[in-house]
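Below are two complexes that have chain A in common, paired first with chain B and then with chain C.
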Partner chain A sequence: MISIEKTIDADVSINIFLKTEKNHVNLLNYIIRRLLLMILVLFGVSLIVFSIMMIIPPGQRVAIYVKSEKVTPAQMEALIEKYGMNDPAPIQYARWIGNIFQGDFGYSETAKGPVIEGFKQYFPITLELVLLSTPLIILVGVWLGTLGAVHKDKPVDHFTRVFAVIGYSLPTFWLGLMLLMLFYGLLGIFPPGQISNVGKDVISSPEWNRVTGLICLDGIINGRWDIVWDGFYHLILPAFNLVILSCALILRLMRSSMLESLGQDYIRTALAKGADRGTINRIHARRNALIPVITISGLMFAGLMAGMVITETIFNRKGIGLWMARAALQLDVPAIMFNVLFLGTIFAVVNLIVDILYAYVDPRIRLT
Partner chain B sequence: MSTELKQKTTKKEGFLSHPAVKEFTFSAKRFLKNPLSIIGLTIILIFALIAIFAPVLAPPEDPYDPFKIPHDGWKTAPSPPSPEHPLGTMEQQYDILYGIIWGTRSAFKIGFFIVMANLFIGIILGSLAGYFGGWFDEIIMRITDMFYALPFLVMAMALVVAIGRGLQSIIIVMIILGWPTYTRMIRGEIMALRDKDFILAAKAGGAKSLRIIIQHILPNSIYSVLIVASMNIGTTVLTAAALSFLGLGSESGYADWGQMVSMCRDWIVGPPDNRLAYWYVVFTPGFVIAMFVLGWNLLGDAARDVFDPKMRRK
Partner chain C sequence: MEQLVKTEKVVTNFYTYEGVVKALNGVSVEVRKGETYGLVGESGCGKSVTVRSIMRIVQSPGRIEDGKILLFFSDTDRNQAVDILKRSEAFMQTIRGNEISMIFQEASTSLNPVLSIEYQIGESFRLHRMPEILRETIDELQANLDKKKIPFVSGWKKFQISLFNRQKETLENYERLIDSIEFQLAELEDDGTSKNRRLKDELNRKRDMLRKDDRLVMFFRRFPFLRRYYRRINPVIHRKVVNLLKELGVPNPENIARSYPHELSGGMQQRIVIAIALACHPRILIADEPTSNLDVTIQAQILDMIRVLKETTISSVLFITHDLGVVAEICDRVTVMYAGDTCETAEVKELFQKPLHPYTKALLRSVPKVRQEEALATIPGVVPNLVNPPTGCRFHPRCESAMDICKREKPPLFTYAPGHTVSCHLYTSKEAKS
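And then the complex of A and B:
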């Protein structure tokens, strides 16, 4: 092996070819290894969630199915027996996993239907908010971070830093309540919820064509611009809340990453060659500075989901976050387990994509 | 006598000229020159004084249960600030000022306890995993991966409900779910140092693993870990407050800021003639949480800039 490489070493072009070939194989290997690892991690997540749910005594887990207050202990026992909650833990786990592979995630009492139906109903509401706020968070964060780094120690820099540290410190729930108090309470605009009562009648009427479940997108598809506006109107305040709270993270990272990249030798070279400051900042410095921001954007997702639970609770948007909060409070075990698995999967997939992008964008990263 | 004095002074000078001490005084001086760190330090000191002198500032009705906020009757609607209640009262007439003052103690307790417990677990697991590597490292890291993939808030909520609501449960749950972050961080720090020349030298000198970890590796990596930990005191209090806010905290009337914000949720919109009638109920407890967290963040931010030699040069 070594000897072959040594003989080829003379011919530089072949060597480069071989190297890139090797890199592709590496990348593929890397992706396969990461996928296998991801399955392992998800298996672990399911084990952790399941074990935590097992801490709860069967009587409490079954309580959510109990409708009337006059249930005799014998009936409770029958219910526990019916749902098989007295079986040994491994059997219950196997049953749960087995059902998942058959597409059956159980019945969610908080969603008043099968877990999957609840998911179809709640997920678009959350997705709409995520789709609106994530690009805003990244854009605002990158823009302010670049501004701070370029004008280091100038008033702009101080302003963005203070903005970041305040955004980092504000309690999500408090900011949301204050926004509601000022805009909805005092000015009577931006009400909580996801759509007005009039709009609700429209989207629940039989002639409404529910394609994606995203209110704005369905509005466009159905050609109802009033509904598009209605949905968007209810998105503004929650999205603003999320942007204020989450862009601080991106801003801080972008600033320090940009500062580091501005201090590199190639920036000095570019300056010496007479490139103007704007080009250097945009092309030479910012592109390199964006690399760590890509990673954090993946991690930010986890933070955003936590923010979602609280934001949706405050603004009374019936999405995944509010569903999870209610499921956790009422111990709706099937819903909790499904959502944790779902979010775990999304988190793992997002991170995998980020890592692959990262290795692809930055050839210096060793794939180990 | 004179020789003794001389010895003492030389000893003192010797102590002051020790590189670690010089480094520390240098950093501390820079730290105190930064206006942001001064603001952070002042905020935390004020909160610390409030916590220490809580019994003087707000004498409890029942000395054995000081965290119970006293209340005048059971009238539902909050009352605005008045001479008896300088910050007004919440629903059921719980005094806001009293809640804020004793809530400071709750906040320090929550922050310190959770972060210290997590740090303790993190240092032990992280240094073992980072230093020895191998299968132990592999297992610990895969477990932290799994914990990373869990939605923290949802898991915390479910766990708190499972083991019984209350501040105690929130603290326990946040320790159970929080240690992986620290373990991963400390492991990274230790792996960066493990193959450095001075560690190899110590090994060649015959030092035992435990001695190398405690004497050579931890002192070199602990600074950045402690800074992150100090910043995390703020965010930990924030998360605990969020859990309280979602209705998982102690019973109403317990002096805990998150609990107090949770109690104000029905009062964000006032009567038609004065929409902001109950602003003090919503504003005050949340503002205090924000200040507390801001203080720790400013402190941690400045400390990182000052103590991290890489940041210092810029």
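And then the complex of A and C:
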């Protein structure tokens, strides 16, 4: 009898062992599956983008490339015919996709060069700001939200709530302009732009080794700490602007979900165990409260990549938002199409990362 | 029998937007050493609030307003009591989970879904048995060190041992000092002169300044990578958790310890909750309806488990339930509660054979019996809203033998026989006797 029990026990333990082994395989499987699915999603995105482009009549699409005003309608017809703009949509789509697979995204009028070159030029500027401000936004939001929930209805809580309402309702352009006026106009610090004129000469000189395009990171790679500081100095004000405007959402979310998890039964269990307030807040409540915050943070990260038009305009940073705004105004179709595809990819990847983080934070969620 | 926990006229109110909910209206219960004490009543009668007041974990907006909660935990002097309502939160944290533990109804929500079972049980050890854990870790490290000597690794290990030693010493120091300060504070309690108040403030400040952790240890534990050394205590805790689960008769303790609450069945979750409560061998276990929401076979198992544990590890159990069958099965003495009042206290047999309070009688009549022919009796009416409780005896609107005096005065406690008390005007007022 005893021996049978023992074998059963051994069986169970082996099973569980296999299960944990499987989990690692599962994660890899899951990621591969999601990446394959992403191709489908991107195909859908490309179809939508393409159909938006096809709404514009062929004449207009050609017109942006025509500089001279003396082109006759007959010549225009010839151009349209030459570039196959009157072909059936599937053929045009196939041609476009075929070019993409060869790395040719077309010529962007607004970037004055191939789209991919424009992307290389504009994207790092945006990325640098996003990489600096997103962690700050999340940290400040989570911190203040936790503080507000822990000291509910105390002065700290009121302060964070007022801060959130102000941050949430201030228009970006107003706050950006005010910050510029105060710091640059009045105090003469934190200038707009991405780098000073001296720094610009350095980074455009032939000795400059441009690896990532991120000014600070390239500065470190090149060992030029003055350039690192220069780039960072220009990042401070726009990052501050973004933190004030965007962390309100995370703050509110964190506060409410923290309050919810502080009211749960397991907090009572922890109290009865003899845990102090700090342990309860940090370990028992916060981890549960972070779950909804992760979703919003992911979406916010992706959103910031796309939609910093106003911030970039005000602080005169030649980033992707600025480029897209200009491309949209001037009907720079290849640039728009590329950027929409790119943002689709970003959103899909961020969603994947968010899902994996979910499973990491909450053991109830299984990746299948 | 010696008393262990005693409450005297505890008043707990909840300050809600609708008004003040007078949840406890002077509750006095007494748990003795070695007994299982039952607290019975309908939902919302204040059973849970009573035990939460004893633990001092009444959650906001509730406050304990008045009364005394006395603990007789001194091993040398049986009559030396500690009034926990006058003690600090830091003192309570050393009591909770260590001397008094609690298990809850709804085990599934009482366990934190994102933490592993091992962590949740191990936390009890971390909170109350840290010096012991550190000592074992140091021993283990030392044994490791003696076995093999590698030039640089040995140095690093020696440093780890010194870190653990520092932590242990600070912690032991902290516990000793906090004990002495608490003792001095309790001595000062009695007279209210200004000199005393000054002394008290000073002691309080001193207590708040005490550090549980050494600065160097804190520094090492704050930073990633540096704090990896701290993982050395995990195997020790794991061993303790597995041993505890084995003691409680949980099958496959290694795997259970590694799993998360949602992977376990309801009965197993309840066992884990019990394991958390019993980790530090408390003197008294408070069980707040531990068997509701479990099916009958599991209920029986859990009750058996508590009964066995009472005989082996814990001396007393305070058992809350609304199920009179469970009371008859497990309890030695019972108090019947109604709307924040204690109605009647007696030995179980006595209570079932000779109920005195009209509410107790009505309760017993509403229990279905084997071979019952007639319709089951009920108690008319509902539990009153405790924002505006009935005047006098709170049961009088539903009482079949209510008198005029019941509306006016709260009935005093009357000792009907040794060990059998009742608070009802039927046994004390002249009106009833005439």
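A few points about this structure:
Heads up, the rule we're going with is that the second predicted complex is superposed on the first by the 322 of 368 C-alpha atoms of A that agree within 3 Å, B and C clash if a C-alpha of one lies under 4 Å from a C-alpha of the other, contacts with A are read in each partner's own complex, and residues count from 1 in each chain.
Rule of thumb we're sticking to: contacts are C-beta pairs under 8 Å (C-beta built on N, C-alpha and C of every residue); 3 or more make two chains touch, one makes a residue touch a chain.
Keep in mind the model is a prediction, meaning the values are calculated, not measured.
After overlaying the two complexes on the shared chain, residue contacts for A:44 are found with chain B alone; chain C is out of touch. Contacts of A:84 after superposition on the shared chain: neither chain B nor chain C is touched. Greater residue coverage of chain A by touch, when chain B is weighed against chain C, goes to B. When the two complexes are overlaid on their common chain A, residue A:268 makes contact with chain C while staying clear of chain B. Contacts of A:287 after superposition: chain C is touched, whereas chain B is not reached. Of the two partner chains placed around the shared chain by superposition, chain C is the only one that A:276 touches, whereas chain B remains out of contact.
Of the two partner chains, chain B is the only one that A:328 touches; chain C does not reach it. Chain A has no residue lying at the interface with chain B in one structure and with chain C in the other.
By the touch criterion stated above, chain C contacts chain A in their complex at residues 55, 57, 59, 92-98, 101-102, 104, 106, 109-116, 123-124, 127-128, 251-252, 254-255, 258, 260, 262, 273, 276-277. The residues of chain B lying in touch with chain A in their complex are 36, 142-143, 145-155, 157-159, 161-163, 234, 238, 241-242, 245-248, 261, 264-265, 268-270, 275-276, 279, 282-283, 286-287, 289-290, 293-294, 297-298, 301, 314.
Residues 37, 40-42, 44-45, 47-49, 52-53, 55-56, 60, 161, 165-166, 168-174, 177-178, 180-181, 184-186, 259, 263, 302, 305-306, 309-310, 313, 324-325, 328-329, 331, 336, 339-340, 343-344, 347-348 of chain A touch chain B in their complex. The part of chain A that touches chain C in the complex is made up of residues 9, 12-13, 16, 264-266, 268-276, 279, 283-284, 287-288, 361-364.
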